[in-house]
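Take a look at the structure below.
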Amino acid sequence: MSILIDRETRLLVQGITGREGSFHTTQMVEYGTNVVAGVTPGGRGKTVAGVPVFDTVADAVGETGANASIIYVPARFAPDAVYEAVDAGIPFVVCITEGIPVSDMVPVAAYVKAKGARLLGPNCPGLITPGEAKVGIMPGSIHTPGPVGLVSRSGTLTYEVVDALTRAGLGQSTAVGIGGDPVIGTSFVDALRLFQDDPKTEAIVVIGEIGGSDEEDAARFIAEHVTKPVAGFIAGQTAPPGKRMGHAGAIISGGTGTAAEKIAALEGAGVRVAESPSQVPGLLREAMAG
Amino acid sequence: MSILIDRETRLLVQGITGREGSFHTTQMVEYGTNVVAGVTPGGRGKTVAGVPVFDTVADAVGETGANASIIYVPARFAPDAVYEAVDAGIPFVVCITEGIPVSDMVPVAAYVKAKGARLLGPNCPGLITPGEAKVGIMPGSIHTPGPVGLVSRSGTLTYEVVDALTRAGLGQSTAVGIGGDPVIGTSFVDALRLFQDDPKTEAIVVIGEIGGSDEEDAARFIAEHVTKPVAGFIAGQTAPPGKRMGHAGAIISGGTGTAAEKIAALEGAGVRVAESPSQVPGLLREAMAG
Amino acid sequence: MNVHEYQAAEVLARHGIPVNEGRVATTPDEAEEAARAFGSLVAVKAQVHTGGRGKAGGIALARTPEEAREAATRILGMDIRGHKVGKVFVVPGADIAKEFYLGVVLDRPQRRTLVMASAEGGVDIEEVARERPEKIVRALADPLLGFHAYQARQMAFALGIAPDKVAGFAAIAQRLYETYIAEDATLAEINPLILTGSGEWLALDAKMSFDDNALFRHPDVEALRDPAEENATEVEARRSGISFVKLDGTIGCIVNGAGLAMATMDAVKLHGGEPANFLDVGGGASAEQVAKAFGLVTADPNVRAILINIFGGITRGDVVASGIREALGRVEVKVPIVVRLAGTNAEEGRASLAEAGLTAVDTMDEAAAQVVTAAA
Amino acid sequence: MNVHEYQAAEVLARHGIPVNEGRVATTPDEAEEAARAFGSLVAVKAQVHTGGRGKAGGIALARTPEEAREAATRILGMDIRGHKVGKVFVVPGADIAKEFYLGVVLDRPQRRTLVMASAEGGVDIEEVARERPEKIVRALADPLLGFHAYQARQMAFALGIAPDKVAGFAAIAQRLYETYIAEDATLAEINPLILTGSGEWLALDAKMSFDDNALFRHPDVEALRDPAEENATEVEARRSGISFVKLDGTIGCIVNGAGLAMATMDAVKLHGGEPANFLDVGGGASAEQVAKAFGLVTADPNVRAILINIFGGITRGDVVASGIREALGRVEVKVPIVVRLAGTNAEEGRASLAEAGLTAVDTMDEAAAQVVTAAA
């Protein structure tokens, strides 16, 4: 078991013939992901890594029964791609695209929610259920199946922690990158709820960073609803206020969103928070030992 | 029993201090409607016909527990009034206002529906459950309690039919004016569903007119779901195509929306359609006799 | 409110849609001059607020300025379905490779804006809808978010448009939707929308109607109103807050409420008469409004009798009766009048009217029968 | 992207918000002239991209043009929280009867736009939020429909604004929301929004920030960028697609990925060092990007050692290693470099870097420890 994706996932790739789209489609197919279709307007009849391309999402869903989508289209067109996917009945949409204006994402997030669908991202690395399906841009090779559910706002920092977990013999049920933008579809709390309910996930790792209060919300949720052991790490303890640290959402503004606050909140909820990513596996083992 | 309103209805009047609002509030209170509050921005502390006035709908609902609202504000401000009512948690909103642009009503109708609330109108006379509550601008005196549910797109034509029913000894469970605009909240089908499910309604009268296809939809619904006897009348058999007959929605365009089509559809669904409003009570008695 | 083709084209152009730029001519001289300026084959098109111009001979092709002059001479002044042609639109001929239909309207049952397109352009879309409905591609705009780019593309692919022309079509479809919304239209239509031989998209004909209820926020649209296309009595009625529609019969109708007014016309017809008009005097039926209504109805020389049908509701029948009497004191009416007065205090009202020598009856059917007899 | 007060005021004025119209001065002469033109009491306000101007002495009242000149002389060139004052905004004094706060921001947890207001205007709103949160009135705009008029009125009543001033406040609140949305702002703030003695609403100070991701569709906003307020290295980095933030430490950081870059800074600190910068070189860590990164980092004279931290994922460690070697061939780096390379094919990569004489280690902690030692 796992959350959100597994070997039954029938994946559609939006923007499949683009540079990013075609490269990562090949990578996902090689990993064993069941990529059933791609969409690029005007691309009908082509194939990418053996995957048939369609002009519209409706066509692709009609022909292939795709039930998840990953978006690799440029920021100006990505919101439209989300609407197209959701309107075609796709219940789970992963948006990799970075740089989408917030004012475009506010209605997108509301619409997806109103339709009962789920969005992961944007500006995220996607997610992976090791050994079953990779829906994203992460290196598949560092992951291994196992009992740890991981949720993170960042990309390479996640890989860092996953790598450490794998080396420590702690495989992952699913590793989810929720993205570094101010407005995202799936929050820490959403992912935590899924991990808490997933029988195969025995422990959880939360990787946060400065900006917003999603980690504080996660801490409240953990305190109230999560019975599984949780370890975590918060990046940006040395980040100055008022400066955007790469991710559009990683900014301390008005004195809120600091790493210190987030660490305190998580520790208050019983989460073991590492000083360095390399400590995460050890803390998690401690937590799992009770 | 009845549909939508009864003596338990706690009515709020939006635009209560205006000319129309204050006149009809007095009329409604005199009829015995339980008018609990009114709203006019800046009107706090006033009363109209003994009804306390508030600045905002949220205040009025908080103080009085209003659970239905009627709107008498000018067309430019009416959509905002609907949003205010629905956002304050009022489940049933009646909009009397005439002349609201269609492009304003399209989002209003969608929003009300998404919120699970119900809108009656706009550009409608409201509704009445005789002897219990009058929420509208119809003359209360012509109505009498009884077994006939009536639904209509028009105002005075409805009074005409109600008067005929009352004189014929056929009282009304509830008489509903859905309004003459192209985009309205509650359709014939919505009202028919309520009448069909209302144990006190034994027979139904449908008063339609040219324009749109709401009557055709009603005919389909009647054929499939309505087991109670139905009589009807369609106004506008002599109306020329392409001309708006008073109501913004009463227009035959592109050759569709004619009275002949609507009459044929209703008759096809077993509805007895009168040639003149005065025939309605007789036809209904026939239908009720089986 | 309707506008002429040339005005609709101007509105579309303002919203970034490529239109065939022509010139309006009100005289044969101007038409000739326009054709000369274009220096090519031109079409001379009657500007009237009705369809079927082509079939009525209101559109002509002209190869030379002289031919354009001749065409304009013939078309100007022509009567097309009761509309007199006062202007022609002279447009350069286009190199048509393929014709499409593109339109935006309200879908009433869905309460949403509908974008429609067809690869059968240049012909009557209602005919296509009736006879080959599968040839029409439809997309409902989201009521809160609008018409998405993907929807426009989806339509283009469904129409079989070549991949390299899809973006151009989609942009025009989105702009037409935006025009419809921004201008509070009730119809925005391009028929035909063409692909030229060189692969350009061009709106070759345009039609727009506007929501009367929204004109208050579009003074520029209101300014496009053509008085020559409107019935003077209807315009006057609108100013008085009375809904009036001119018809061809002999029995003038004055009624309170639109539904009842239609039902009254129907009753006249049912009893063998022909209504001369639709007239909704408004809810209150005050003396002032009734007086104005008399003025509007009696302006029609065909009117041989008048039926006043008032259902007294909130306004009591006796008050309505005095209003009618007062109105008759202000306006001289030379044809027979039958008054039907019902509802609250109707009896008192009828008595008062009878006193004043008017025929006042109880039921609509009776009133209709009497007025038809009176007009015969 | 931040703009100056005077620019924010211009943007608000364009959207119909009444602002206090002042003049920008870059010299004492200009300030004097501006004060003379207004012919009244003026405020001379430092234009810098930071708060706390008042406390730092960056705002002065001047009763005469000469006083304005003196104030400008003192303020121009002043350093406020690391920002050098290059311009002052000279504005006429206003007759303040009552001060309010009005702001629009994103509510991240709610994923909606939040409009906030307080009757405690003219003071630090964050302080009000912390200490008297009940003094702040909030309304979330609908994500699809926007900020309704009723919401603006509701806020006004909740603030205790007199009934006859409610419509004016509501109009400004709605316009501020519209400005925020139309201009893709991340902050739109009026503090104070005042009621004058004669009962007029006036925005006395304005602050706006804009969404960097949306600047492509707002060239007019992009044009407001003040190069004097931006770190030259940060600007250069942005042009290269590199995220760079200048800090005060001695250890330059080059990392792939924003989260990992923050974690790397944290590791440096944990091991007793101080990072000189945040730098996200992007996912691929190509030779070209790494070379640019070296250029950015070494431009800082404080940098005494560089930590390169790359997690090889899709891009393999050996490829990253050759990229680093190639970059070092292009850019001369005079300080010690510690490379941490992990992930796919990291071992091969580290071997290749060791061959080139670079210190290449396996873990982030080890690398941080070594670079701190190297910089000591």
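Just so it is clear, A, B, C and D label the chains in written order, and each chain counts residues from 1 on its own.
The working rule: a residue touches a chain if its C-beta (ideal position, glycine included) is under 8 Å from a C-beta of that chain, and two chains touch if they have at least 3 such contacts.
The structure presented is a predicted model; accordingly, all values stated were derived computationally and were not measured.
> What are the chains that subunit B and subunit C both touch?
D
> If you average the Cα atoms of subunit A and of subunit C to get two centres, how far apart are those centres in Å?
It comes to 55 Å between the two C-alpha centres.
> With chain centres defined as C-alpha means, what is the inter-centre distance between subunit A and subunit B in Å?
Distance between chain centres: 49 Å.
> Using Cα averages as centroids, what's the distance between subunit A and subunit D in whole Å?
The mean C-alpha positions of subunit A and subunit D differ by 27 Å.
> Of all residues in subunit A, which are in touch with two or more distinct other chains?
107, 111
> Counting only residues that touch at least 2 other chains, which ones in subunit D make the list?
Within subunit D, residues 144-145 contact more than one other chain.
> Testing understanding: with touching defined as stated, what is the shape of the graph linking the protein chains, line, ring, star, complete or other?
Drawn as a graph, the chains match no named shape, so other.
> Okay, what are all the chain pairs that touch?
Chain pairs that touch: A-C, A-D, B-C, B-D, C-D.
> Subunit B touches which residues of subunit D in the complex?
For subunit D paired with subunit B, touching residues are 142, 144-145, 148-150, 153-154, 157, 163-164, 166-167.
> Under the stated contact criterion, what part of subunit D meets subunit C in this complex?
Going by the criterion above, the answer is residues 144-145.
> Note which residues of subunit D are touching subunit A in the complex, please.
Per the stated touch rule, the residues are 106, 108-109, 111-113, 126, 129, 143-144, 181, 184, 186, 211-214, 216-217, 243, 245, 247, 255-263, 265-270, 275, 278, 280, 283, 311-314, 342-344, 363-365.
> What residues on subunit A touch subunit C, complex-wise?
Listed in rising order, the residues are 41-42, 44, 55-59, 77, 80-81, 83-84, 87, 107, 111.
> For subunit A, which residues count as touching subunit D in their complex?
These residues of subunit A touch subunit D: 27, 75-76, 99-107, 109-111, 137-139, 141-142, 152-160, 163, 180, 182-183, 187, 207, 209-210, 212-214, 217, 233, 235-240, 243-250, 254-255, 259, 275-278.
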